[in-house]
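Lettered A, B and C in written order, each chain numbered from 1.
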Amino acid sequence: MNVVVDRVRKSYGRGAEAREVLTETSLTVRSQEFVSIVGPSGCGKSTLLMMMAGLLKPSSGEIRLGDEPVTGPPAGLSVVFQDYSRSLFPWMSVRRNLTTALTASRLGKEEQRSRVEHALESVGLAGKGEMYPWQMSGGMQQRVAIARALVTEPTVMLMDEPFAAVDAQTRADLEDLVLRVRHEYDVTVAFVTHDIDESVYMADRIVVLAANPGRIAADLTVDLPRPRDQVETKLDARFAKLRSEVFRLVMRPDTPASA
Amino acid sequence: MSARHASPLRRRLAVVGLLGLGVSTTLAACGSSSDDKAGADGGTLRVTTLGLCNEVVYWAQEKGLFADHGVEVELVKSTGGAAALTALQSGDIDLAFANPFSTMLAIDQGLDLKWIATAYETTTVEADAANAMVVAKDAGISDAAGLNGKTIGVNEVGGINQIASSQWMKLEGGDPSSVKFVALPFNELASAVASGKVAAAQVPAQNVDPELGLVSLGDPYVVAGEGSSLVFAGYVATGKEAKAKEKDLKAFQDALIETNEAFNDPANDDERFKLASAQCKQDPAVLKTLPENIYEARVDTGALERMGEILVGQDRLDDPPSPDDFVPSYVTTK
Amino acid sequence: MTSPTTPPLTPPLTPPLTPPLTRTRPGRATTALRRTAAGVGNLWLLALVLVLWEVYGRVSESLFVPPISRILENFGDVWLGGPASQLFLSDLFWSEVTTSLSRFARGWGLAVVVGIACGVVLGRSPVIAQMYGPVVRFFAAIPNTVLLPIAVQIFGVASNMNVFLIFLGSVWVVMINTADGVAGVDPMWLRSARSLRVPRWVLYARVIVPAAAPQILAGLRVSLGIGLILMVISELYATTEGLGFQIVVAQSSFRYLDMWSAFVLIGLIGIVLNLAFGRIETRLLRWQRRTGLDAL
C-alpha cells in the first residue's frame, strides 16, 4: 500500500505569529519501499512522519494510506518512537506490551500468542516475554518497541529516529535487524534519521529535507545491492558518493553539487 | 548504617532525645504545680456548670449571698460530668459540677476527689417526675421488659443517666445487659426516639413532647430511689483543694443552703423565675411549668451509700468509696 | 530534543582478554542478618522514647500518663488472652475490633472506588475539572467531625453512619490525587497508546490508570490514615460498639489504662495497615524507580 503525502503543509500559530514548520510538500512512499527521511534540525522531518502516522493534523493538504485519507492513526500502520522508555509501558511485561498492541484487532488468544512469539523471535528476544522493559538494556527495549510495531503485521512501519538514543555498536545491530524484519514481514518503511550514514545504508530511496522553511530538497535513489552489510556495503564506492551527496545537501546546502 | 555515616546522625538524634527528656520533665513539673490559685482571703472559686444556666448560683450572686459569706464565684461552662472531673485535675477550675456515680467511679480509679456540696436531689414519686424514659407512643413498648434487646439513647455513655436507666430496667423487670446504650446530644434525644433511630431515651421530663408522639414510661430516678431521694448532682473538688480552700468551699455551701431555703419558699417563685429567665434566656411563664429536681445543698451521706451499692449491683465497682472518706468533715450533711 | 546515549548494559561482543577479577561477597545469610540488625538498630529512638515514658509514668504517678509497662500489661489483659483458635486474641477484640475494621473497610473501600472513578473523569476532562474542581476542594476542606450530626440525621445509630463518615472523609484525597495523577500522565505514553489504536477501555485500564498509579497510591496512603482516624472518631458518639466506643466507655469510668490500651491497639492497627500498604505499593510501582534511573 502506498503512503501518499498530498500537498501537505504544517504551521503553528496564527496571523503574524504563524510559524511554518513544513511548506507544501508532496511525497509518495511506494509499496514495500524503504524510504529514509533525513535533514538538519528544524526541517520538519519528525513533523512529517507524525502526520503520516495520523498523530498530527496537517494545516492543509491530505495524507492517504492506499486510497483512504488518514484522519487518525490508521489500521495497518505502526510507529516506532525514538524514546523507548516513554513509548513502551514499563508497568507491563514485554508480552503484555505486545498484546496491548493487538487489542485493537479482534484476534483469539491462540492467534495472539503465536503472533507475539513470532515477533519476539524476529527481533531476537525469544523467550523473554516475561521480562519487564526496565530490566532490559536500551537496545533490547528498542527491539521490544520494534516487535510491538510488528506484532500487528502492519503494511507500513514508520520509525522516528529510533536509534538516536542507542550506542553505536547496538545501533549497527538494530539497523541490520530492521532490514531483516522488513524483509520477513514485507513492510513498507519510512525511516526518519539524522544520521547520514544510516540514511544511506538502510534505504532504497533517500528524501532529503531542508530547513527554513521545511521542504524537500532532494529525492535520491539508492542502487546499492541487497542484502546490505555493515562492512561490504560501506566499502562500495557508490555508498561514499551517495553519502557525501547527502552530507552536502544536509550540512552544506549552499555549496554546489560535485561533478 | 555504617559507622562512618552514624556519627552526625547519632549526634542529632541524641539532641532530640535530650530535648524529649527536657520536655517531659517540664510537663511533669507543670502538671503538679497547678493549685496555687488561692492567695488572698475571700478568694474566687471557678465553678463549672452544664450549659451555664445555674439558677441557684445566679440567685446567690444576685442577692449577694456569696459576698456575705466571703467568697466570689465565677461560672465556667463545661460538658458532661466525667470531662469536668478530669478538668479539675489540671487546676483550671476549683469546683466541678458532677454526679455522684461518676465521682465514685473516679475515686475508685485513683482520682482524689471530695464532695463539697449537693446541687440537686431526685424526686421520690412519679407525680413529681423530673426525668423520663421516653418512647414513641405507637412503638408498642409499654414497660421495661419491652426494651430488652433494644437501643436506648443517653447523653453520655457510662454516665449517670445510663446507670439510672439500667437500674430502672432491673427493678422494673427488664434485662439491662441486653440493652445497647448510645450517646446523643441532649437536645437530639427526643427527636431520635420520635424518628425511630432509638427505641427509647432518658431525657428531662419536659422533653416528652406529646406532639412528637412521645410518652414516658416513668422516671428512672424515682424508681431507682426506691422511695428515697438520690443525689443527682453536686460540686466536687480535688482533695488538695478541699484542704487548702476549706474556708471558701464551706462558704460556698453555706451560701447555697441559704439560697435553697429561699427557693423552696413558694413566695419567691415569681422572682426566681424572672431571674432565671434573664440568665437562661427562657420565658418565665414556661419555666414555671417545668418539672424540677429538688434543690438541696446539704449532703445526704445515706443516699450516697445507697448509690454506691447501685454501682456494685451493676458490676461497676467491687468496693464503693465510703462517704466518710470523700465528704470532708466540714461539709454540712443531713 | 535528542536523548543522551545509554551506556551498554549487554556484555561486550568479544570476550574479555583477561578473566574478570572475582570479589568475595558476603553470603546471603550474613547480608540478611546485617539488614535485620540495621532495621532493629533504627528503632533505638523509639526505644529511647519508651524508656522516657516509663520513667515519667513511674515518677509522676499521674493517672493520665501511666508507665508503659502497666499499659502493656493492661493491653494483654484486655485484648489478648484468647485461645489459639482465636489467634490468641480476646473475645472483646473479636467483637469490637472486627466491627470497627469492617466499617473502615466498607467506608474506605467505597472511597477508593468512587474516588478513583471520579478522579479519572476529573483528570481527563479539563472542562469537567473546571466545573467541579471548586466543589471538590470545598468539600475536601470541611472538617469531618462537623459532618457527624448530619450523618446521624441521615443514617441514625447504625454502622452505615460510621461507614458514611469514613467514606466522606477519605474520598476527597483519593479523588484529588487521582485527578492530578491522571492529568499528569506522560503524554508520550498516551501518544503511544493512540498510535496502537487501543480501544477506550484498554486505554483507561492498561495505560492511564497504571501510569497514574504513583500519584493514586500516594492519595490512597494518605486516605488510609484519614479513614482510620475517622473510624475512631465516628465511634465516639452515636455508636453502640467498636473501638472508639470502647474508648468512650473507658473514659466515662475513668479507666485510663483501658483508654491507653485502646490507643496502642489503634496505633498498631495503623502500623500494620501502613506496612501492608507499603508492600503492595512497592510491588506495584517497581517500574517507576527503575524507569527513572534507566532514563538517565
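A few points about this structure:
The definition used in the following text is that a residue touches a chain if its C-beta (ideal position, glycine included) is under 8 Å from a C-beta of that chain, and two chains touch if they have at least 3 such contacts.
All figures in this text were calculated on a predicted structure; none of them were measured in a lab.
Under the stated contact rule, the graph of chain-to-chain touches is a line, running from one end chain to the other without closing. Most remote chain with respect to subunit C, judged by CA-atom centres, is A.
As a whole-number value, the distance joining the C-alpha centres of subunit A and subunit B reads 84 Å. If you average the CA atoms of subunit A and of subunit C, the two centres end up 45 Å from each other. Work out the mean CA point of subunit B and of subunit C, and you get 41 Å between them. Contacts with at least two other chains are made by no residue of subunit C.
Those residues of subunit C lying in contact with subunit B across their complex are 38, 41-42, 44-45, 48-49, 52-53, 56, 59-60, 62-64, 149, 152, 156-157, 237-241, 245, 248-249, 251-256. On the side of subunit C, the complex with subunit A involves touching residues 2-10, 13, 186, 188-189, 191-199, 202, 206-207, 210-211, 213, 284, 286-288, 290-291, 294-295. Of all residues in subunit A, only 53-55, 72-73, 75, 78-79, 81-83, 85-92, 96, 100-101, 103-104, 132-140, 148, 161, 164-167, 169-170, 194 touch subunit C in the complex they form. Looking at the complex, you find that subunit B touches subunit C at residues 1, 13, 16-17, 20-21, 24-25, 27-28, 31-32, 82, 85-86, 89, 102, 105-106, 108-111, 151, 153, 156-159, 180-185, 188, 192, 195-198, 316.
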